[in-house]
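The following pair of complexes shares a single chain, chain A, combined with chain B in the former and chain C in the latter.
The block that comes next holds the complex of A and B.
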């Protein structure tokens, strides 16, 4: 099954996502609490997928997305955020995000999006 | 501060709480609070920058915060530990994210900071502008939404800010 790197500054959200994704059959490659750690872990762990929050300290998710895509143009990053502004969505998709999930999310929808993104 | 700025936070608060605790909260009476006020037992503080700037603060009792965190975690009960604190902080993040989306749709493009959880009833928070306050009554107790925002002059459109089905407050 695809290995996923879970990126969110909220410990609670990382725990919820890891539980949800593990129950759906995904492997958890690792977790990161901000974009800077996410970029470092991406290089180290080489996950199949990244689930990326946007509003985070140190480095936000949009900046981290761009860094990861610069390192690996084939990177599969799905944004998972409370920010639904059209500008944020467009910036993420133009930067190479594969999809964009709004919080609070529907668990089935998350699994469907990730399975599509990993395909 | 314009009363229309609190409506998106009330709309978002109702929508997000309904989603995470499976029960629709009721909004209460709008009030004005001076620029400095004492927090509730658990308060989530989120900064807003952009076309409007200031803070959104969500305050509640520890009992309410613990119950909401347990509901978010799908647990029958929990203590207000690090995980519960993180859950409540994420609640503030989700409400603020949705609220700023509504503000952006109304022409006030803005961003939010990561949340900060403040605990303790003797903590005074000073805002740069008086806050508008609306309580949301949930099955787990009251959550106060305090919004202290000032327009910075970067508005790009003139559509009304969100909150059509919730309380529409007249200018304070």
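The block that comes next holds the complex of A and C.
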């Protein structure tokens, strides 16, 4: 099963995602509350997949994405953001994100996108 | 409430479209972003529905998983409508007004059919030029397209009864051989023709053409892509060379590029360009 790193500054969001993804058969490699921690954990845990929020304190998801892709050009990062941030999503796609998920979530869609991205 | 919902859907779809365009460009080299968004998006969503996909993201996933479907899609995005002497009166004008002008100026006529599809336009010019030159000129006609399969067909040179509907019986006899309900160009015209791959939106342009035909190719191009294309064509023409475009097309800002507007479908690069400094010597 793919190991996934869940990155979001909202604890309830991480909890919700962890539950959802575990039920869908993913292994949770770890969780991070901002981009800085995500980059560190990426190197430490070497997850198969990262689910990355865009708006976060300390280091945002875009910056973290770029750092991770620099470390590992084959990294599979799926961006996750609220609607109205299309520009950031396109920037992330251009910077090497594999896909994106828009909030509010549809559980089925989340699982589908992540499975695709991990394949 | 309703307004917010609509906005949400609109931006979701916007992203769906833009990411699709980006992925297709990376995957196939075809840049759909060079085409007008509204028509292209409508076309893509309708295609997606035919594949049973309810978003372009899903459509892409299907194309990516199925190379044959992807190839079919790529081919579909490059339009292939063609027939010989399409707009017969314009080809008559080409033959009676334009070709004599060009042939009187050179013994070596170079023609380019840009976006030639399976070659109907190139074969049309080959016939007309043969008739006008009376063997006095070396004529070469280059057909280019981005679709290899269309180029292969063009090299073979078979045309259907429908392709031939504007070709008179006399011309059919002289220039074509009838084979099992199809028509094949005779060596007399085929030897004037060559076909090769070229992408109008990406590749460099060759120079030194007396006549360029680019008809019904640019209809989905953005104004920006068209402008760039016509500027490139201008550079590719010899002085006095002529550009022949399609029935519904117009070159906006033709004068700014340097073209003279000869008539509705024909634009000319001036015979002697007075550019730069004239010396006294």
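Basically, the second predicted complex is superposed on the first by the 117 of 119 C-alpha atoms of A that agree within 3 Å, B and C clash if a C-alpha of one lies under 4 Å from a C-alpha of the other, contacts with A are read in each partner's own complex, and residues count from 1 in each chain.
Keep in mind that, in the parts below, contacts are C-beta pairs under 8 Å (C-beta built on N, C-alpha and C of every residue); 3 or more make two chains touch, one makes a residue touch a chain.
What you are looking at is a predicted structure, and each value in this text was computed from that prediction instead of being measured.
Between chain B and chain C, whom does A:94 touch in the aligned arrangement: first, second, both, or neither?
So A:94 only meets chain C here.
Any idea whether chain B or chain C touches more of chain A?
After superposition, B is the partner touching more of chain A.
May I ask you to decide whether A:116 touches chain B, chain C, both, or neither, giving the answer as first, second, both or neither?
Touch partner of A:116: chain C, not chain B.
Is A:84 touching anything from chain B or chain C once the two structures are fitted on A? First, second, both or neither.
After superposition on chain A, A:84 lies in contact with both partners, chain B and chain C.
Should A:55 be classified as contacting the first partner (chain B), the second (chain C), both, or neither?
Only chain B is touched by A:55; chain C is not.
With both complexes overlaid on chain A, does A:31 touch chain B (first), chain C (second), both or neither?
neither
In the superposed arrangement, which partner chain does A:67 touch: chain B (first), chain C (second), both, or neither?
neither
Return the residues of chain A at which the contacts from chain B and from chain C coincide.
83-84, 86
Write out the stretch or stretches of chain B touching chain A in their complex.
Those residues of chain B that touch chain A are 16, 19-20, 69, 72-73, 82-84, 86-87, 89-90, 93-98, 100-101, 104, 109, 111-114.
Report the residues of chain A in contact with chain C in the complex, numbered from low to high.
Residue list for chain A touching chain C: 83-84, 86, 89-90, 93-94, 99-100, 102, 113, 116.
Chain A touches which residues of chain C in the complex?
Residues 8, 11-12, 14-15, 18-19, 22, 57, 61 of chain C touch chain A in their complex.
With touch defined as at the start, can you tell me which chain A residues reach chain B in the complex?
Per the touch definition, chain A meets chain B at residues 9-13, 15-16, 55-57, 81-87, 103-104.
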